[in-house]
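What follows are several structures.
Next, two complexes with subunit A in common: one pairs it with subunit B, the other with subunit C.
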Partner chain A sequence: MAKSHSVWTSIRFWRQSAAWVTGFAVVLLILLTFDTMRQIKMGSKRVPAPTVINHHIDYKYSKKRGHEVPVIGKKELFFGKEWSPKEAAALLHKGKLTEQAKNCMDCHTLLGNGAYYAPDLTKAWLDPKWKDMQAMIGAKTREEAMAKFLQHPEMYPTHERRMPNLKITAEEAQALVAFLKHMSSIDTNGFPRGFSKTVSDFKAGGTYAH
Partner chain B sequence: MLTSIKNNHLKYESQKLGMMYFRVAIILFGAQLLMGLIAAIQFMYPAFLYGVFDFSVARMVHINALVVWMLYAMIGSVYLMLPDETGIETVGIGLGKLAFWVLTAAVTVVVLVFIFIQIGPGKESSIWLINEGREYLEAPRWADIGIVVVVLIFYYNVFFTYMKGQRTGIMTVMVANLMALAGLYLAGMFFTDNISMDQYWWWWVIHLWVEATWEVFVGTLAAYALIKIIDAKREIVEMWLWIEVLMLFGSGILGLGHHYFWIGTPEYWWEIGALFSALEPVPLVAMFVHVLYDWGKEQGANGEKPVIKNGPAMAWLVTNAFGNFLGAGIWGFFHTLPQVNIYTHGTQFTAAHGHLAFFGAYATILIGMMYYGIQRAYGIERLKATFKSKMAITLIVFGMLGMTVALTIAGYEQVLVERAELGAGWDAYFVAQALPWMKQAMAWRTVMGVVMVVGFVYLIWDLVTIGPKEAKENNQ
Partner chain C sequence: MFFEKFTDVYPSFWGWLNQGPLTLTLFLHTIIILPMIWLYFKEKKRLEQEDK
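And now, the complex of A and B:
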C-alpha cells in the first residue's frame, strides 16, 4: 500500500490507531480496577466483613436504588454463638476453600456464575425453602438445617435431581454455611431480582385468588 | 493425521511439532463431546451415574477438555505458521518438543485426577493437588505452574524466532497478542476468601481471553490462512488485521464490564459494560465481511478459474467467520445489556451463547487449521473435500445449531418462569426445570449432541484418511 496516499489505506495509520485505542482501554481498565478493588475489599460496604455472620441479614427493595439491597440487621447467634473477628475470618476461609475443593460451581451458580444444574446460591441463605427444610430435617435453626443438608443431601431429596454426597464433614458444613451467609450480604446491585417473590402462590396452585 | 506421517513433506521441525499438537487436540475434542453427552443425559435422567460420576465431574472435564484442546490447537497452529512467516526454522525446537511431552503428561495426570479423585477436603492441599473448583480453571495449582513453564518455553520460541527471522505484520500481532494471552493466565492463579474479588479476577482470564486475545488470535490465523488458501494479498489482509485489532481490543477490553453487573462490583460497570460490550459485535461483522470480500475478490480475479487450495479448510474458515458473528456477536448481544442480563444471568441462555460462541469462533477455525496442516504434511497441491469432510462439517454444524436453538428456548422459559415470574430461589428454579418445555428442550439438546458426535466420527475418520487418499490422487 506504499503507493496509496489515502490515510484510510495506510497500514501505519491503522497500526498506530490500534496501539492508541488498546492503550486507552487498558489504562481505563486499570484505573477502574483500582477503584473497584477498594470498593469490594473484605469489610467494605459492598462486601461486609466476615463478622456479618453474627447479624440478621435481609434483602429488601430500595426505592432509591430501584432494586433489592442487603439489609444487615440486629445481632443474632450463628450456630449458637457469637464469632470473634478472628474466628469468623477463619470460618469463612475454610468455607471458601471447601466451596472450591468440592467444586460447587460445576453444578450451582455463585453470584450467577457457574453451572446451571442446580439453584443459584447467591442468596441461598435467605431462601424461604429453608423453612420447609428445617421441618423436614428436624433442625432447630436455619444454619443447622443447612449444615445437616450439606452433609447428607442424598437423604433430603426435594426433587428428582438430587445433590450428591460430597463427603462434607460437620466442620466443613459449618464453614460452608458461613460462606453462604456472608455471600448473601454482598451488595449485588439487585441480583437476583424479586427474590423468591411468588413461589408460595405458585405452589398453592398458581392462583392469586385467595 | 493420527497415523504417523512418515513420508513427511514438512520441511520444518516446527511444523511437525505443530501436527503433534493437533493430534492431541482432536482426541481431547472427542473426550469433550463424550463428557458433554454424559452431562446432557444427566439433565434428563438425574440418576444416571449419580454418586459415581456426578454431573459436576462430567461438566468439569467437558469444559476443561474444551479449553485445553483449543490451546493445543492454537499452539499447533502457531508452530505451523511460524516458519512460513519468518522464513526460518523455529529456534529452540528441541525444548519445544520436550515442553510438548511435559504438557501432555501433565494434562493426562490432571484428567485422571479429575475422573478418579474428583474432589478433596476443604483444605489448601486440595487446591494445590486435586481441584481448584473455579469454572474452566479447575486445574490444580501444581498444573497451573507447569502450564506457565510450558507456555514460557513456547513463547520464548515464538519470540526469538520472530526476532531472528523476517518480521511480518501478521507475526507482529501474533507476538504481542500471545504475550497478553499468556500473561492473563496469571490473573487466575491466586486464592482469596472474597468471592467478589475471586470472580472479578476470574473474569479477567475468561473474558479477556475469549473476547479479546483469542479473538485477535483468530484474526491473525484467518489472515495467514486467507493468504495460504486463496492467495489473498498480504497488504490488504494485514491492513484489515490492524483494523480488527483496533476494534476488538477497543470494545472487548472494557466490554469486560458486562460481567461486573452483579458480583458485588460498583454500579458504574453497568454503563461501561453495556456501552463497550454492545460494540463487540462490530469487529465480528467486519471479520465476516473481510473473509467473504477477499474470497469473492480472489475468486473473480482476472477471470481465472477459482482456486481454493484447501476445500475443507476454506469451508471451516467461512463457517468460522459466520459462526463467530452469530455465536459471539448476535447471541452475545442478546444478553449483554444489564436490563436484560439481570434476568438471563446464569441461565440456559448463557449456555446457549457459550456453546455457539466457543464453537463458532474457535472450534471451526482450529479444525480448518488441522486440515491445512494435513495438506502441508502430505505435500498436496490442492486438497479437495471428500464425502466424509462434507458429512463432518454438515453434521457438526447442524448439531451445534440445533443444540443452540434448544438451549435458547430452555433459556427463554427459565428466564420468564424462574426469574421474572417466580423471582429465582430454590423452588422457582425447580418449578421451571420441571416444566415440559424445559424437558423437551433438554431432550433435543441431547439428540443434537448425538448428531454432533456422529459428525465428529466422520471428522476424525476424514482427518486420518484424507491425506493419504488425496496425495495418491494428486500423484496420478
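And now, the complex of A and C:
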C-alpha cells in the first residue's frame, strides 16, 4: 500500500518557498532602493538644486494631483544676495549640520521624521504666520524674521509651548533658514496634508502646520 | 476607480501600482504566491513518484 504524503509537511516544499520569497524580497528591495535614490537626489524633479534658495517658493493646490505642490517662481534675493551653486550648497550643508546638532527632531518633524511636540517644519518656510512675525520683529524680509526668531525663540509667543533658546548663532540661523527654505521646495506629494488651511479650518478639522 | 491616473512627478512602475487601494499589496502577494503553487504541485508529483 502506498504511503500518503502531504505536501504541507514536506520540508523541501517550505525550504523552496522560503528561498523564493527571500530572494524575491531582496531583489525587490534593491530595485526600490535605486528607485528612491534616483528620486531623492538633489537637483532632481522632486528635490531641487541648492540654488532654489534664490527663488520665490509658493505652495499651490494642484487639481490634477489632488494636493498642494511647491511652485518655484521668480528669482528673489536671499539675505540680500544671490547665492552661487557652490555657496548655496555649502550654506545648506551647514544648515543640515546645525539641524542635526541642535536636535530639531526632538520636538519638530522634518519630512516625516521627528516628533509632533512642536509644529511640522517640512513646509515651515511657507507658513503664513511668518508675516506676523516679520511685523513683530520689524524685519524687512521673511528670512531675516526667521533668523532673528531662531536666535531668540523664547522671546516670541508663537506656540502654546514656546521654543527654548538653543544658543543658535547668527551664521547658524542663516544656514537653518536656507535649509528650511530648500526643504519647503521639495515635492513631498502633498505632505503634510492640508498645510495651508487657515487657523479656523484647523480648529474644525486639523492640520500639522499650526 | 481601482487604478487612478498617475500624477506623481516621477513616472515609476511601483508608484503607478500604488495609486489604488491595496493594488501594490495584491500585486506583490500574487507574484509571491504563484510560484508557490507551482512548487506545491512539483513537490506533490515528486512525493507520489517516490511512493510508487
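The criterion applied here is as follows: the second predicted complex is superposed on the first by the 193 of 210 C-alpha atoms of A that agree within 3 Å, B and C clash if a C-alpha of one lies under 4 Å from a C-alpha of the other, contacts with A are read in each partner's own complex, and residues count from 1 in each chain.
Here is the rule we use: a residue touches a chain if its C-beta (ideal position, glycine included) is under 8 Å from a C-beta of that chain, and two chains touch if they have at least 3 such contacts.
Every value quoted in this text rests on a predicted model; they were computed, and no experiment measured them.
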Which superposed partner A:Gly112 touches (first subunit B, second subunit C, both, neither): first
Touching partner for A:Lys64 - first (subunit B), second (subunit C), both, neither: second
Which of subunit B and subunit C A:Val7 touches, first, second, both or neither: second
Contacts of A:Asn189 with subunit B and subunit C, given as first, second, both or neither: both
First, second, both or neither for A:Arg46, with subunit B first and subunit C second: both
Contact breadth on subunit A, by residue count: subunit C or subunit B: B
Subunit B versus subunit C as contact partner of A:Val21, first or second or both or neither: both
First (subunit B), second (subunit C), both or neither touched by A:Ile30: neither
Touching both subunit B and subunit C, residues of subunit A: 10, 17, 21, 28, 32, 35, 39, 46, 187, 189
Contacting residues of subunit A [partner subunit B, same complex]: 1, 9-11, 14-15, 17-18, 21-22, 25-26, 28-29, 32-33, 35-37, 39-42, 46-47, 50, 89, 92-107, 109-120, 122-124, 127-129, 154, 158-162, 164-169, 172, 175-176, 179, 183, 186-199, 202-203
Touch list for subunit A against partner subunit C, complex: 2-3, 5, 7, 10, 12-13, 16-17, 20-21, 24, 28, 32, 35, 38-39, 44-46, 64-66, 187, 189
Of subunit C, residues touching subunit A in the complex: 7-10, 12, 14, 28, 31-32, 35-36, 39-40, 43-44, 46-48, 50-52
Of all residues in subunit B, those that touch subunit A in their complex: 39, 42-43, 46, 50-51, 54-57, 59-60, 118-124, 126-127, 130-135, 138, 169, 191-200, 202, 235, 238-239, 242-243, 245-246, 249-250, 253-254, 256, 259-270, 272, 276, 342-343, 345-348, 350-351, 419-431, 433-434
